[in-house]
């Protein structure tokens, strides 16, 4: 399946700007498996495994681990610091 | 000694308006003795003995029993209800 | 009147007073405020606030000083109205600014809770058929006592 | 945008927004508010707020609905600014009105504590020599968790 990934705020500085499409092997079905997969090609991506990293899936904040589906748009988020 | 007395808010409705001068016997030296004295001439004044009634003496809020001195200006106050 | 304290027969310009507190001190990250206003309640037509001039301002000034010292506030104001007010009109404005939010928020709670029982104001309700004095509420006494205990503990 | 929620690049007219909340509902005796503003801190020159459009507004709207329902608020607003801000400028305004003061005060505390950790905003500090992202503070996480626990207890 294909997943569209964005990195927000401090993660963008480390992992890249813009939305990128990733074609994933069939055995990757949730967010945690995806993080492990991304880390294989980019050691920096290991930072995504930190429990404080949050996930926005298709414009909704979701809890991890989150199931993934073909065509999902995922945003990896550092802890929120508004207010 | 002579004490000038006022009643505030709801107490004024029951006990009278304006400042009145009272010449007190020598054995009256504090607020509680004064209240007993006032009650002798006006049964309604017994209401002043209620613990929630507060005292302003010479423009300062004081705790009861409060000592009295010649020339004092005393205001008896129902519980405050501001804000 | 003590600094930061106002007691007036004239309406309270709450928005204006608050504007004067925001963006004023570069080290303030937080401004909290509370507005108390006349609430439609039963057959209430208007509220009349009596006070003890001079003593009121001193009592409010003392509460303000306590709050400034306890929460290290940069600014704090209390503006209380007296006389006759209609439904919706502002009775009291309390506001505080501080570097961080918890200080500003707690100080405002403290000031409104304490002033209700520690400053010589009395509320009289006017109705179509007469008037009556507002009785002190146990919940107000308890809220005020809470802060009294808090401060006593810290000073101990 | 959800009702009562605003996220804008333009400055927040806090005084104006607050004026619109006071004296509006005859059953409201209390209006509480909180203003968060850019604080001079170390070598900070400006603060830049990034957010996730759409998701932010939905998150703030959900917090507002929770507050309205839990404290029976008459009115509640959250206005958060995004983009670049100088020292002293307002980052966020939260305000709530209710019949009694405790509801309004607690709701404002809840809203500011929760929005700090539950709405997708990120603060970036600009200095003369560069920029860095603000790290989440343990005290903010704890304050937010406090309300989460409170609500979980009540729903249990």
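Order of writing sets the labels: A, B, C and D. Residues in every chain begin at 1.
The criterion applied here is as follows: a contact is a pair of C-beta atoms (placed from the backbone, for glycine too) under 8 Å apart; a residue touches a chain by one contact, two chains touch by 3 or more.
Because the structure is predicted, anything quoted here is derived from the model rather than measured.
Ranking every chain by how far its Cα centroid lies from the centroid of chain C, the top place goes to A.
Distance from the chain C centre to the chain D centre is 23 Å, each centre being the mean of its Cα atoms.
Chain B and chain D have Cα centroids lying 49 Å from one another. Chain centres here are Cα means. That of chain A falls 27 Å from that of chain D. In chain D, the positions touching at least two other chains are 36, 101, 112. Along chain A, residues 83 each make contact with two or more other chains.
Two chains count as a pair here when they touch; such pairs are A-D, B-C, C-D. Of all the residues in chain A, the ones that touch chain D in their complex are 8-10, 13, 52, 54, 56, 59-61, 75, 77-83.
Looking at the complex, you find that chain D touches chain C at residues 14-16, 18-19, 22-24, 26-40, 87-90, 99, 101-102, 104-105, 108-109, 112, 143. In the complex of the two chains, the chain C residues touching chain B come out as 36, 49-52, 54-55, 58-59, 80, 91-92, 112, 115-124, 133-136, 140-141.
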